[in-house]
Each structure stands twice: as structure tokens, then as C-alpha cells.
Amino acid sequence: METSTANLPQRPPAADPGQDNVARLVLKGTDQSGIVAATTDELARFGANIVSLDQHTSDPAGGRFFQRTVFTLPNLSAVIEDLRGALGTRLANFGLEWELIEARKQKRVAVFVSKSDHCLLDLLWRQRRGELPVNITMVVSNHPDLSEDVRAFGIPYFYIPADRSRRTEAEARELELVQGNVDLIVLARYMQIITEDFIEQAGVPIINIHHSFLPAFIGAGPYRKAKERGVKLIGATAHYVTKDLDEGPIITQDVINVSHRESVTDLQRRGADVERRVLSTAVEAHCEDRVIRDGNVTIVF
Amino acid sequence: METSTANLPQRPPAADPGQDNVARLVLKGTDQSGIVAATTDELARFGANIVSLDQHTSDPAGGRFFQRTVFTLPNLSAVIEDLRGALGTRLANFGLEWELIEARKQKRVAVFVSKSDHCLLDLLWRQRRGELPVNITMVVSNHPDLSEDVRAFGIPYFYIPADRSRRTEAEARELELVQGNVDLIVLARYMQIITEDFIEQAGVPIINIHHSFLPAFIGAGPYRKAKERGVKLIGATAHYVTKDLDEGPIITQDVINVSHRESVTDLQRRGADVERRVLSTAVEAHCEDRVIRDGNVTIVF
Amino acid sequence: METSTANLPQRPPAADPGQDNVARLVLKGTDQSGIVAATTDELARFGANIVSLDQHTSDPAGGRFFQRTVFTLPNLSAVIEDLRGALGTRLANFGLEWELIEARKQKRVAVFVSKSDHCLLDLLWRQRRGELPVNITMVVSNHPDLSEDVRAFGIPYFYIPADRSRRTEAEARELELVQGNVDLIVLARYMQIITEDFIEQAGVPIINIHHSFLPAFIGAGPYRKAKERGVKLIGATAHYVTKDLDEGPIITQDVINVSHRESVTDLQRRGADVERRVLSTAVEAHCEDRVIRDGNVTIVF
Amino acid sequence: METSTANLPQRPPAADPGQDNVARLVLKGTDQSGIVAATTDELARFGANIVSLDQHTSDPAGGRFFQRTVFTLPNLSAVIEDLRGALGTRLANFGLEWELIEARKQKRVAVFVSKSDHCLLDLLWRQRRGELPVNITMVVSNHPDLSEDVRAFGIPYFYIPADRSRRTEAEARELELVQGNVDLIVLARYMQIITEDFIEQAGVPIINIHHSFLPAFIGAGPYRKAKERGVKLIGATAHYVTKDLDEGPIITQDVINVSHRESVTDLQRRGADVERRVLSTAVEAHCEDRVIRDGNVTIVF
């Protein structure tokens, strides 16, 4: 079918042109004296101007070190490889993991969904408004229901039926689509198990939205469980997917007040608002390289 | 020692004189047509004026019925027994549980504490300021630490050492103190197990503050567990105590944002603010007869 | 152009079939004894079952009285006129204003917008999902930009250029569209002055979303003003439109934390999330007849 | 009378012994390349280990620069003057304002109050718990009411009657008390005008708690105004005092939901909770040197 995006009124471009000379340097490792000085000195030597710098040490005595620095540098693209090399030499003795990322290179994202549209639409719409610095390149679903909505945004929709009986086959097709093509997979209420094998072969981070305030109500049916337990708040949790169900590092959480008045259906409806907000916030933080994983927890600058 | 309350500057009386002719009628039972009409008609016959009425039905088809009505009635004390009798006759066929309470009769409360002062002091401050409609008549503790603070409010402090080895003896002494003397027991960070036997013999509701967002982090050490899990919100839960640890009906819950920056000690400090707010809110709601228990959940009007 | 709604996957109907026998009775007037009894007795006589009842008195001594009652009644449509008559007789002496509304008759809504899509889309999404009990029958805009988005929902879009120089003409065309056709007008970031004449002739409530926490930052440019003042929270306010700009009765307000990090553009983006949440909440409350206006304030049950 | 603090059970010391070798370096000025590098390099040369670093630039092109760095340095007291000198030399060409502060040297604070105890007690109690890194050395009041409470904490209470007719005399006495003796004045619901002359002569920052969400409801009676306007949230604002009433730089703000149910008295009671939370948070941030003033706004790291 024809999509209608050609007729869409002009919107601001998703990539802020002001991002052209902006880069982010993210480091983590064992805390030791001199890391901030070494990195910022090297940046200054290249003529960079630091826009923001966040640094955290988990414990002043032998803890873990985390740093995120955003800077502008004229002609960034031309000199970034030189800078990368110089930082490599300068940081060699600290034994850190680090990454230097150009802000203009948005992360390519595949969104996986089932039938619920609220998280998906929020991501697509924020991208279109130019307020989510991502490039959603495909949507994958085990149901055909949301194809029309997605294609109206000019984004390909791949329908891959999936259930227990054909998981291997479905995941193989999904891997074909995503491998080499995306930097992040977002499970936007995708109601299928993700195997350990898929996580490993996908080779990119996977963010999931769980419809409860983890670790409360792990597993299926959290709103029903919440109603039965009579809680006065319900929440949602965005986390990285690991092989342990609902146990991966948490990125963002939020809650809203509820009372005896809400039925399970009401909880689902009201909870959907929290889910979309939490997921969009987590995806934005990840795509701005503000999330650093450290074992099973995250540092979010 | 002598307490110094005699010298304390005058504060507004805890009981609002405007409460003299105010009463609350609370009903629960099986939903059926005509309950609201019967009760409000009877109130109107006596010349009562309804100030607020909240009614909830869990399910229009055969659900549970809950109603709380606040009204003013001239010469309340003189006619309340007549009203009680008339309501008894009028409501006889509905098979409800119901209670008629004079607002001026504040509930007598025993607060149980260990060493942490934050929840206790918040309750004492609020009572003294006249903003918590309760009458805290005693504080019981398994430690002597907070006696000075409590006695400065002119309230008796009973130090009853308690641990695993002398639980029976301690609970016996506690029961002597509370039986017949209090309408509510508040566990304001009382770090001792409460036995099923004590709950039964105390014969009054017991409210506990748990230092987590239940059902997450049930049991001991919730802030340490929260740090290890890397949650982005911590919370507190006020609930009625039942024989099942941390499983009783929830009255109030609240949370605050936290990040990687907080140590376990920081979480305890910041969590203490949530604990005292949640507990004071729950005690206030209970003492204004706004909480109705229904199995393991609550209706809070 | 052709809209594509015919191809849209099936979604749950907006009207919950369970609403067929549900009605709402809303009353306001001078407080006096016996109103609740009279109404609930009349409902009981007709065999109605009350699902929820909220009642509020602004002051026990000569204050204002407000009541909202939701009930089920078998064969509601058949007997509602009889019930209306009976209530009229029964309530005649109380001098109240009151309304009896069938829940299944959703309010017809016209949404007015300019170029910003966030509030509009949130309303359209929620209606389509069946979680907003309204019937959005038209969108009116002084810009053509959002026509594509709106028509994808199968809803007519009327482009009526409007500015200071042709306000009278524009309002005349708008009145032709809405008079008799809608029960509510929602200004979802409609950046044109609404004249007192229009308000009067439209003859239906008008809800506006103001992009600040009123009464802070009345008038234009609230986010810029907020940045200059250095506030740590920004908010949004949904209110009924009266002839006094930004002074009408407030229905809903909410805020979010901000810091020195946000630019004015960031405030606008983050504020948009609050605006859409606040407006959708206010529209839902209004359309469920939970908002009662009383002078320049509202009671929201 | 004798105060009873001598009998108080032992509590953890207010100064965390772990703070002995901790210092904070705070800088502000015109943004330019190399500042972070210069400061962190100098710190590294002295063997300091950075615990946290926050940096903010208001605009990458010619904006304002702000940096706060916390570090540990063995034998801090012995070398801090050398470090101060070295930083002075190193930073000379950047034209910055900067300060180097030892964490163990807590700020000396005078709290000014009238009759309301909620903000005062919260500050005193947090200091006693060791969770507020301040040294409250005196309380000044225009009423005698709270003397007993304050002296129970072992802190001097100075009663200085003040009103329009004797402002000059009262302020003169207040200045005698505070000049040279305190680093900060906190107005914890002090209901007297502070003159421009006093602000200037006191020579230290003054933090005030305003009982509304500024800039809404500037001036007297904010809760009454809030009730009349029918707002759905009420708030509090902690700000530095300048000669312009209620217009000084905002440090912290927070709000809570309210409804038609709350009377003006209820708003005052519920608002008091927000006031104490907001003021304690602001005082803590100020005393940890996390607040940087920039014209009429603040950067809060």
C-alpha cells in the first residue's frame, strides 16, 4: 500500500542541526586519581569546549568510576579519529572501558510490539516531533493489528507470527531483520518470551517495559495481582533485558496513585500512561548515552 | 524525672470544638438496593445534616457495599443512643456491619517504637499541633532511648525489653498496658515480631509501617535490597497487621525518586521521610474512620 | 483525499456495553437537610442500585450542596422519563439545579487546535482505544497542518483561518459548525482569542489547556517566563473558559520537576507531556459528569 | 529552667568523621575551554581523588560556566592552603569566582521563627539525627512561644519582639547576634519584613520559605487566595531573600494535590508538610554547597 507521509506537513528535522559538532565521551572502570584530569586535558588540547560533565564514584575507597562528558568541537567529523587515537593513548594505563560518540549519529532502533499501541505510538510520535533523538527503522510484531498506524509514519512494519510452537523460526526471522541494522531493540509491550539465544545473537541492548513497579509483581498479570493485593500505587519499569526474566538492570521507574475505585481494567488503562512515559524516558536516556550499565544496576546521568 | 509540659506555651486544643455535634456512620456488607436511602432517610428524620457522604460498590452485580457518612446533629450526645437504636431497626434486614461514632471521641492510641524516632516524633508533633485527631496515651518501647523525647510531650513511656528469648513475658506486660486502654496500636518502626496470640488478645486494630513499597522487598533489610536491585524509587507502606508478616491490608503507600548516587545509608535517611509521612497519613485516615477493611484490602474514603 | 480508516483493525467499541443501564444524577444548590434521603429514596422506589455516591457540603452552616450519584436501573431508557418526572416532583421544594444523564449517551466534542499536535493526538488516541467516554465529532483549526493526522481517525477536519483581522468571520463559521452539534468544545492549544460573544453563543462548556500552573504565568509565553524566573517546577492547567482570560474555574492541574539544565525549548517539550495529561484528565472528568462548577471554582468528584 | 539535653541518649555525631579529608571546589564565570581540565589537573597533581563532579554551561556559545567538584585528599587540612594558592595561580586567567570549602567545617546557622513550629522542629531534629550538615547555633524569634522546644535541643533561643513600630531596634539587636557568628540565616516562617538594610548588613545568605508555589500567590495569605482561586495543587518555595519581596532566586519548590474538600485551615495544615520538606531540602543543598546563584536564578547540583 501507499503510505501518506509525503503529504505530511513539514516538521522540524529529527536531528537538531546544532548537534553537528557535539560528541559524548562515556567512561567506566575502577576508580583512580587523575581520570577526569586526563580526559578533560586531552579534550582541551583539541580545542573542545565541555558543555556538561557528570562524574560518579560508587565508593571513594576503591569503588567504580563513571563519567559522561558532552563537548563541542569545531569540525568534529574531521578530527574525531585523531581525538579517539589520542584518548586511547592517554587513557591506556587506566584500564577503562570507554566510548566516544557523535551526537548527530542517532541510534537505529527496532521496536517490537504485540497488540497494545500506547508505547509504540508514543515513541513514533516523539521521533516525528524531533524530540526523541532516535531513528526508528522498523517495527516488528507478532500481530498484524498495528501495521496501518506504523506505516502512516513511513516506517516498515514486519509481521512475524510468534508463539511457543514456532519460537525458533520467528526469532531466526527477527534476527535476519535486526542484525547489523539496529543499535537497540525496544520491547514496547511485546508479549513473547525472548530467548537467551536471541539476546546473545542480536548483539545489541534490548530495553523492555514491564507493567509493574519491579520487583513487585514479577511475571504475568501484574495489574490483576495489584488489585488483589490492594496496593495504593501502580507503576511501570523500563529495564535492560537479560536472560533472567524481569531481573535486568532498571533504567527508569514511575508510579501513580490508585484506590479501591479502579477495577483491573481501570488499572490497565491508567497504567498504560505510566508505561509509555517510563519507556519513552528510558529510550531517550539510552539514546543520549546517559545510561551506564554496571553489573545489574545502572548509572543514569 | 519531672516533665516540663506545665511550662509549655498554650497550643490549640487537639479536639476541634466544632466537632461536638459531628458524627460518622460507617457501613459495609453485601450490595443491595435501598441502603443509602434507608440510612439517609433515618438521619433526615432525626434532623441531621449530611456534611459528606462517600459510597462505593465493588461490583454492581452482587458486589460489596461500603458507605461513610459524616453529619451534624444538634445535641448529638443527647440523642445518639436513640439514633443508634432507630438505625438498628431500620437496617436490620440488610445484614450489614455498621458503626456510629462521635467525632469528638478521639481514639486512644498506643505507639510502639524501638530506637528510630522519626515516625514517633511526627505523630507526637502532629497531635500536639492539633492536626491529628488522636489521643496518644502511651508509648511502649523495647529500648529506653526515646523516653526523654516522649516524656517532654507529657506522655508516659514504658520500657519493656523484648527479644526472641522473652517474647511471651514482654507481650504479657504489653497486653496489660493496652487492654481496655487503647483503641489502636501503632507500630512506628517497632523492630520486634508481633505474635498471632498478641494480635488476637490485643483486640484492637494494629497499624504497622513497612519501610518498602510492598509487596516489593518483603522482610528485613529492604533498603539494602533496594540498593542491590538498583531501583529508581523507594517507598513505604502502612498496613494493618495480620498474622501474615507484611501481608496485611494496605492503607497508604508512597514513594520518592532515588538514583545511583544514594548509598544504603542515604536510602534509609530519605526513606525515613516517606515512612513518617505515610504512617501519619494512615493513622489520620484510620482515626477519622475513613478506612474500611474488606478481607485483605481496604477502602479509603 | 481518501481516509484509510476502513482498513483499520478492529478496536473495542468506545461505548462500554455495560453502560447501557447506567445513569448519573448530579445536583447542586443550597445545603439543607434531607436532599440525599429524598434522591436516594426516589431511586430506590424505581429499583435503582447505587454504584457510587459522592456528596460534599462547602460549609455545614448554610453552605453549598453538591451530589453525584451513579446508579444502574434495568430498562433505563424505558423508565428514565418517568424517573425524571418523579425526581422533579420530589426535589421541587429544595430549589436545586440538577441533571439526570444516561452514561451511554457520550458527549459530542469539537476539538479546536492550531499547530501543536500533542493534546489533540492524545485525545484522539484515547477515544479510539475506548478509554475516553467521548465522541469527538470534529476538529477545527486555524491552520491546515494537522488535517492528515485527524482524518486518519475518520474525523472531519475544518480549516478556518483566524486572526485578529478576521475574528468575527471566523467565529461565525465556527458557530455554524458547533451550534446544536456538540456538547463540549475543547481548546487543545488553540492559539486564538475566544470572544465573550462566541462563548455565549456557543452555549456549551469550553475547556482550555493553559501551559502553566495557573495563576502563575498568566498570559503568553509562560515557559519563557518560567525560565527567566528560575522555577523548579512547571505545570499545566485545564480550566473552563470564561470571559476573563486564564481566570476560569480550574478542573485539573499538574506539574513536573525541572532544573537549570532545561532550556526554554526543553521546557516546552517536557511541558507538553503535562499539558496532554492534564487536558485528557479534565475532559474525561467532565464527560463523566464528575465536575460541578460553583462560581469560579469546581468540585471534582 | 534547666534544659535536659545532658540526659539525652547518645546520637551519632552530626559531623560524619568520614568528611575529614573531603573538600568541595565551586566555580562560576564565563564559559571558556579548559577550565575543567585546569582544575582537575591541579587536583590530580595534589593527589586528590574526585568523588563527584557536576558541570553545567548555560549556552555552549558564550554562556555561563558552573562547576562543583567534591574530592578527597589525604591530610587535607595540612595542604589546603597550598592547594588554594596553586588553584589561584592556575585559574588566574579565567576570571572566575571560586571557592574551596572543607566539608568538615559545617556552616553556622541562625534560624528565625515566629509561632509556627513545623519548619523549625524539622531543621533541629534533622541536625540532631546527623542528617543535616549544619550547625544551628541560635534561634531568634519575635515570640516567646517556642523557647522550650528549642532549648530542649540545647540551642540558645533569643526572644526579640518585633513589629512595624520597632523594626529598627529589633533588627539592630538581631544584627548584633548574627554578625560574625553565622554563615547563613534561615527564615523558618518568620512573619516579619526583612529590610534591605538588614540584608546588606547581615552579610550572609538568607533563605526564606514562602508558603506558595511562587510566583503564584505572592504576598500575604497564599492559602486563602489558593482556596478562592480553586487551585488543585498547593506548594511551597524556598528562595534566597533579596530586597524584592518573594522575588529572590528559587532553590527548591514542591507541591501536593488538594481538592474542594480542604478548607483554608486544611490547606494550611497540609501545606505545612510541604513547607518543612522544601525548606529542609533547600538548607541541606545550600550547606553542601550545591547551590550556585547566577543573577536571579540558581544552579542546584
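The letters A, B, C and D name the chains in turn, as written, and every chain counts its residues from 1.
The working rule: a residue touches a chain if its C-beta (ideal position, glycine included) is under 8 Å from a C-beta of that chain, and two chains touch if they have at least 3 such contacts.
Keep in mind that what you see is a predicted model, and the values were worked out from it rather than measured.
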{"item": "Taking each chain's C-alpha mean as its centre, the one farthest from subunit C", "value": "D"}
{"item": "Interface numbering overlap (same over half, different under half) for subunit B and subunit C", "value": "same"}
{"item": "Rotation, 0 to 180 degrees and nearest 5, that superposes subunit A on copy subunit D via CA atoms", "value": "180"}
{"item": "Euclidean distance of C-alpha centroids - subunit A vs subunit C, Å", "value": "35"}
{"item": "Separation of mean Cα positions, subunit D and subunit C [Å, integer]", "value": "43"}
{"item": "Shared-contact residues (touching 2 or more other chains) in subunit B", "value": "52, 56, 261"}
{"item": "Touch list for subunit C against partner subunit A, complex", "value": "1, 4, 7-9, 52, 117-118, 121, 125, 129, 131, 144-146, 148, 152, 261, 269, 273, 277"}
{"item": "Subunit C-touching residues of subunit B, taken from the complex the two chains share", "value": "31-38, 40-41, 43-44, 47-57, 60, 67, 72"}
{"item": "Contact footprint of subunit D on subunit C as seen in their complex", "value": "56, 58, 213-217, 228-233, 235, 249-255, 259-261, 296-300"}
